[in-house]
Amino acid sequence: MPFTYNRTVHFQDTDAAGVVYFANVLGICHEAYEESLETSGINIKGFFSNSSVAFPIVHASVDFLRPMFCGDKLVISLMPQKLGIDKFEIAYEISVGDMVVAKAITRHVCIEVSSRSKQELPDEIIRWLETNRRDAEGAERRKSREIM
Amino acid sequence: MPFTYNRTVHFQDTDAAGVVYFANVLGICHEAYEESLETSGINIKGFFSNSSVAFPIVHASVDFLRPMFCGDKLVISLMPQKLGIDKFEIAYEISVGDMVVAKAITRHVCIEVSSRSKQELPDEIIRWLETNRRDAEGAERRKSREIM
Amino acid sequence: MPFTYNRTVHFQDTDAAGVVYFANVLGICHEAYEESLETSGINIKGFFSNSSVAFPIVHASVDFLRPMFCGDKLVISLMPQKLGIDKFEIAYEISVGDMVVAKAITRHVCIEVSSRSKQELPDEIIRWLETNRRDAEGAERRKSREIM
Amino acid sequence: MPFTYNRTVHFQDTDAAGVVYFANVLGICHEAYEESLETSGINIKGFFSNSSVAFPIVHASVDFLRPMFCGDKLVISLMPQKLGIDKFEIAYEISVGDMVVAKAITRHVCIEVSSRSKQELPDEIIRWLETNRRDAEGAERRKSREIM
């Protein structure tokens, strides 16, 4: 099973059109990424602030299939993938009940913070990528079997 | 026991000083308020968007005792109090472990949305106020007993 | 010349990595869109809240070329394009001085709010699209001439 | 005249109740503070991120007098005051046209960042406090004269 993160839509996430403000959906995906890292044993505080290595997002995209409302119970599933020795990508799927309401991608590169030069992914991220990929593949296999 | 809401500090909550951006602490308190309402059976989506009655905040204040960092496990306790037939106040206390890191207050008035004129608190809010007050008082009594 | 929007990076836009939080860049692009609409004579308050017609974003993407810091003077240029009778797209380019620091796209569909069914773009949006397209084409032509 | 900051209400500032989300008003006040510092010649990027001295907010409060809507043209006036050798306070007044719509206060202490211990206000902040206080007093005097 891919890693999933549960998140209720807060009032602050919404805008005057009565639904979640579009850019906030990417913020919610990032929360799922943080929780997934933490679940795999990574110290979030160090990872995101005091480290010599960082993983800035170089690309993000999001497709909105249905509006999300205050109080909606979102389930965000997360599937990361290694793209090279110094980069990875995460695919997110956001559902409410049986409905997929949005899909997103974030692409990250690994840099050495002071010089901002690219650098190989460290072991803890390699492990996180492998654990979550394997899990996601397991889910894919299970899904194909159910279809057959 | 007063109602409590658990909330991990997200990366998005922080600013370039490395700690939670001050105004975001009030947003986190509002999340606790939303969860408390939902726990008492109130439909959040209707409550915050499609209703003829609303409870806008007319005053808010917050004291910051210690900085909050990405990944910190916040526990927000919430103690609402009726202030009159058309208003109530909520006191929040935010802790990390044994430490109180912030305290806040929001004051709400009940209005009829289209005219924005004041209006008596509806039954579901009266019930929510009573339940949470009683609980909070229970906690106070228990605390005094422990001290004696 | 394409429409441009000037925006200083606020402290609140940043995160604990010391740079603008990725999803906030899309929010800044949306500000440019709002200002462009207003400049063309559209009433923003009505457009975004009290209308029977809305233009929700169905897709957004953003590429980050360089980090943005608190106090940076961003210039966002905006180039909208009609994609069909009921949709349009906006391309944004964000610069600091001579450097392009990010590029983004938002894609919008026109809907009738109560039914959420697709609907033809209204005249005021058609006019906005034509004005800004013409301006952008003028800029393109001027640019080619300068190159030749 | 006190320092003033002009700010249009963005769509992102609003919530599903159709007005500015309460905590965002404090964020808008902080923008006024940043612009005021910059106007007095302080480098904002250094001030808010790379410095050994910081000015965290220890208290904030806000009163909401009228709702603010998307597209509203806010004028935020800012009146700082020294409270001691290591602290100051800023009073904000937010208006739309002739109407005051909100009032807020932020209280700041000066700390040495690595130890987080209190420290005397540096010269550039003393100068900023004096300039803005004098200006505000000028405005007060002019106001009294007009009344008489």
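For reference, chains read A, B, C and D in written order, and residue numbers begin at 1 within each chain.
Definition applied: contacts are C-beta pairs under 8 Å (C-beta built on N, C-alpha and C of every residue); 3 or more make two chains touch, one makes a residue touch a chain.
On a predicted model such as this, the values are computed, not experimentally measured, just so you know.
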Determine, among B-C, C-D or A-C, the equivalent of interface A-D; equivalence here requires over half of the contact pairs to be the same by residue number. B-C
So which one's got more C-beta contacts, B-C or B-D? B-D
Please work out the Cα centroid separation of chain A and chain B, and write it as a whole number of Å. 29
Chain-centre distance (mean CA atoms) for chain B and chain C, in whole Å, is 36
Quick one: chain B and chain D, Cα centre-to-centre, how many Å? 25
Chain A residues touching 2+ other chains are 11-12, 14-19, 21, 23, 27, 30, 48-49, 69-70
Flag every residue of chain C that touches chain D in the complex, lowest number first. 8, 10-12, 14, 18, 27, 30-31, 34-35, 38, 43-45, 48-50, 69-72
Can you tell me which positions in chain A touch chain C when the two form their complex? 15-17, 19, 21-24, 26-27, 30, 48-49, 54, 56-64, 67, 106, 116
For chain D, which residues count as touching chain A in their complex? 11-12, 14-19, 21, 23, 69-70
